[in-house]
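In the two complexes that follow, chain A is the common piece, with chain B as its partner first and chain C second.
Coming up: the complex of A and B.
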């Protein structure tokens, strides 16, 4: 089973590239006309193509269509919404919530990733020095990542509760003041970022750890012979050799974190007073969070978010391609 | 390395893990706390005097939600496997002409935020009357897992030696037969990985459930918890007990299938 893991890991990075230039086809092609082979190939692929068209392309198309029309609750059900071009985008961009939502999205994403990545890196290096129980403990670190987000978010919400939360109890025990983590505008964003960092650490740990495993041990032994200390080994060997994996970890982290909605919505609903609103929660708020849904601007915000995610997505794909070429 | 040095590292490791898992411990602790002690300041650090009222509440109120989550989870796994395994076989071994962009599209598909998919699905489901149905939820949840499944399967199946397939062909097996009797059995571990993740994601989904199934008769456990919180419920022991129960699949996964989890997390991100 270890083979499986290596196999899938080794070639998973190739999934994009290698699928296009597969190894020579089996001998079958010689005996039958190529058209049959193509027919079979597309036969196996057809369900996926249909699936992607119906369950990906169509919802996304509907989303674009929503954002270009002025849908009301009534026209949403009955049809006949007026075409308004980019009016929804204009009104979204000029909305007083847009600036803060964009800023919060950026802060949430960047701060989360800085901490997730550096803590994940530290833990990966630590767990890489095989000691007793290291494998078991590393496995336990996966727990936050595997829990349903609503479980983590509600647990954190209760831990950060102003009056009865354990966090404030400890702060007060140490002589500090009660902090209104979730109910004061200056702390709400920090609170959701803390919870999100906690959730994201395992992902960074696992990927960076497997990156560490691919660094040949002789390098460290050679460095040890040359009298390098742990700090030098990290900055001269680990860090440079881990750079490609780090780039991919960070970009994947960016893409995942931009999408985060559940944690914020469950802990603060983007509040108080929009102080923890991001593009994702704002979009949801307009479409599903009110008694009077406003689908068209919600879809417009969603599409802006897609564009941002895709920019990092393309960077990620480019980084991965480059890593494949180099190795 | 001396034994003493390792012992020292193990201690640090245990402490770090304890800090990391504190919220999980706290969830369990609160789930066992008496309602009367819930607002105590400082709170009880240990459940010395545990109550099972919270779990009793789960059993009496949340069982239908748990059942729905199981159905949605298994449905999502089935749909994901049926769509992704054959497609991956084709991409990895059959060279469909013009199939190159598919893998690229799948990578992109994974980047689309769930909130946005939810809105598109909502508009469509509303028009075709599929809102608030378990089927709709299964379809929507599968969109999280299908791209992942295809990419993981493709990666694995590319590693299957062509000789093996040729042997099957020489024995007279058609492509379907080869797929069923050679490729699928060899891919068993990948099937486990994809199934586990598909199940876990469907089980944990909140975005699709809260948008596409908000008024449904059958609702998943994530909505069960959400409603508990939303009702301004002060019975945090019940909420946390439900959360503990909702975490069981994750725990089971970790205990019985940790290596598959690691394989899934690193898939697509790391190349040797």
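Coming up: the complex of A and C.
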């Protein structure tokens, strides 16, 4: 919430070129017994605070608590799990699955975002031309976003099926060899990345498109008068002015993609043989994938994911501060 | 009071009410279950059959058993995997249902969590049930529930595909004759066999008849026999006798492959019997052969009726009455016909076969079947199974040789079950 507000203020400031002045410091009233006004303020605040505590603070606390104890099914139900400190983290980090899972998470996230962002950007610029049918076409591009994930992931799984999938029948029709998209260790990760890129394009398209609309047209007109071609207009005007919007798009994309679970689980179950396992699917696999839930290491992996997302969040805030200082 | 103040007061009241409602939610569950005494009242029943609604024969059977015991039964159907987690959470919160129907490998997990009562403590008679089926619910000599039915795996075969390829089904007696048959089918331009080798419990479930049929034991995944079973499946996939999609097949998708009519064999369970009849495929059923012939022990599937621990022990009497009602011969025959399961008692099996003679091969298959958590593996089974399906995935996908995959799985399983 806060980031989008500062963002819109910033982009407005950039585009309009007006200097933002800090709001005047509120004059403080003398302290006395709380007025009904203050009580009412707390009254309004209370539901929100209760909501935050119950639905955000407590689950987070519980997840940390789970990861620092050795929970078996018995101690999960009966209580009395032994405190083991960071043992679960150590065992997770030394697990042979951790390295590949981390690598797959990184590949999955980075490749997904590069393609989602560049394709989304290309389409946004394309649709910004306002040609006939552009609104209809743009609406069609939103379909992946509107479909329930179970539908799109299952459809991808069918299309990529080794024996009867449409993708292989096209490849074989063109004289190629059957590709085991979902069932060979070389291809499984690629397949889920392709599906995830397809699902992520609309999000990038919509945000970048709305960012484009904030760029005043006179800049392009001025550039056209100076004889700039389309390529120059994009790199000299569109791209720099879209920087703040791009930053938030990429950050949000990063956080969404880090925790993607459903697409991978539905398409490959993280397999074959862990070849498409990410930290998110690994965590789920440990907690709910077998008849004997292993909650503590699963929670530890979940917390590692939260920390990775947090780091990127802080990096974003730091970058934004620096930008604000410079401008 | 000014209007503004009144609004402020209203907000405080709303906030207070919200807090009160939240508190009410937290205690609601326990008060309602403990305030009802042994006679009369509402009993809760959870099962993994969300497909049956209140008008189904199954729901009506439960209702009538409740009426017979003088109580109302409130039934909730959950998705199978969801039910395990729900049951654990309910156990933690002290709000377990009075009766809980769960998939048999979960019984040992819930028993280990201390959620379930033993049949001995409850005075629930288990003598009528077939020993090999009941074994899935037994740990260290204690029985934690009664089966309401069993299912297992066998090979469905497509007679027209086999005759077109010139295969006589009577010649299929062991692994080598089965592989010969598959090779002939593939040479005739059809597809050999489909099964599910997915990286979940389903994959292990489908692999076990071959694993056990080779003489391997779950405590030693990398024995020669275990590697032989893994090699059998790997070679089928490598030589195109089984499709590559088996690696990603659930038991439902492998069944869809068989229903295309392109496949000579499909490994699947009792529960598909109605579906194959409806499909119009000229089918037959073959017990999965062991490596050197004879029937291989297939794993038993099916659910157990359990009675979770309650704070109010006076409720057990009625719960046992309901359990007895649901496992009476008439009820078992009805339920197992609905579910397309094999009944867990001799008497009910005889009644089933009398009505549906097709079931005879399944009754035989169940008789030689074996619980996955049997051999006193209990909660070790899920840990071993995870490594077993991992080895199947490693080997079939070609990431590792069968031997290397089995070695890795065995060392991981040994560490996990230590």
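The criterion applied here is as follows: the second predicted complex is superposed on the first by the 280 of 327 C-alpha atoms of A that agree within 3 Å, B and C clash if a C-alpha of one lies under 4 Å from a C-alpha of the other, contacts with A are read in each partner's own complex, and residues count from 1 in each chain.
By our rule, a residue touches a chain if its C-beta (ideal position, glycine included) is under 8 Å from a C-beta of that chain, and two chains touch if they have at least 3 such contacts.
Quantities reported herein were computed from a predicted structural model and do not represent experimental measurements.
A.B. asks: A:290 in the overlay: touching chain B, chain C, both, or neither? Say first, second, both or neither.
C.D. replies: Second partner only.
A.B. asks: Now for A:272: first (chain B), second (chain C), both, or neither, which partner does it touch?
C.D. replies: second
A.B. asks: Is A:37 in contact with chain B, with chain C, with both, or with neither (first, second, both, neither)?
C.D. replies: Touch status of A:37: both partners.
A.B. asks: Identify the partner contact of A:91: answer first if only chain B is touched, second if only chain C is, both if each is, neither if none is.
C.D. replies: Neither chain B nor chain C is touched by A:91.
A.B. asks: For A:185, select first, second, both or neither according to whether it touches chain B, chain C, the two together, or no partner.
C.D. replies: second
A.B. asks: Is chain A touched at more residues by chain B or by chain C?
C.D. replies: Ranking chain B and chain C by residues of chain A touched puts B first.
A.B. asks: Between chain B (first) and chain C (second), which does A:73 come into contact with in this model arrangement: first, second, both, or neither?
C.D. replies: Touch status of A:73: second partner only.
A.B. asks: Check chain A for residues that touch chain B in one structure and chain C in the other, and list them.
C.D. replies: In chain A, positions 37, 40, 42-44, 47, 76-77, 157, 163-164, 288 sit in both the chain B and chain C interfaces.
A.B. asks: Once bound in the complex, which stretches of chain C touch chain A?
C.D. replies: Touching chain A from chain C are residues 4-5, 7-9, 11-15, 18-19, 22, 81, 84-85, 88, 91-92, 103, 105-106, 108-110, 112-115, 198-201, 243-248, 257, 260, 379, 381-383, 385-386, 390, 393-394, 396-400.
A.B. asks: Quick check on the complex: what are the chain A residues that touch chain B?
C.D. replies: 1-2, 4-16, 18-20, 22-28, 37-38, 40-45, 47-49, 51-52, 55-56, 58-63, 66, 76-77, 123, 126-127, 129, 131-134, 137, 139-152, 154-159, 163-164, 166, 169, 172-173, 198, 201, 203, 206-207, 210-211, 214, 245, 248-249, 252, 255, 258-259, 261-262, 266, 280, 283-284, 287-288, 295, 298-299, 302-303, 305-306, 309-310, 312-313, 317, 320, 323-324, 327
A.B. asks: Which residues of chain A touch chain C in the complex?
C.D. replies: Listed in rising order, the residues of chain A that touch chain C are 36-37, 39-40, 42-44, 46-47, 50, 54, 72-74, 76-78, 157, 161-164, 178, 180, 182-185, 268-275, 288-293.
A.B. asks: Which of the residues in chain B end up touching chain A in this complex?
C.D. replies: Result: residues 6-7, 9-10, 12-14, 16-17, 20-21, 23-24, 26-27, 30, 38-43, 82-84, 86-87, 89-97, 99-100, 102-124, 126, 139-140, 142-143, 146, 150-152, 154-156, 158-159, 162, 165-166, 169, 175, 179, 189-190, 193, 200, 203-204, 206-207, 210-211, 214, 221-222, 225-226, 229, 236, 239-240, 243, 246-247, 250-251, 253-254, 258-259, 261-263, 265-272 of chain B touch chain A.
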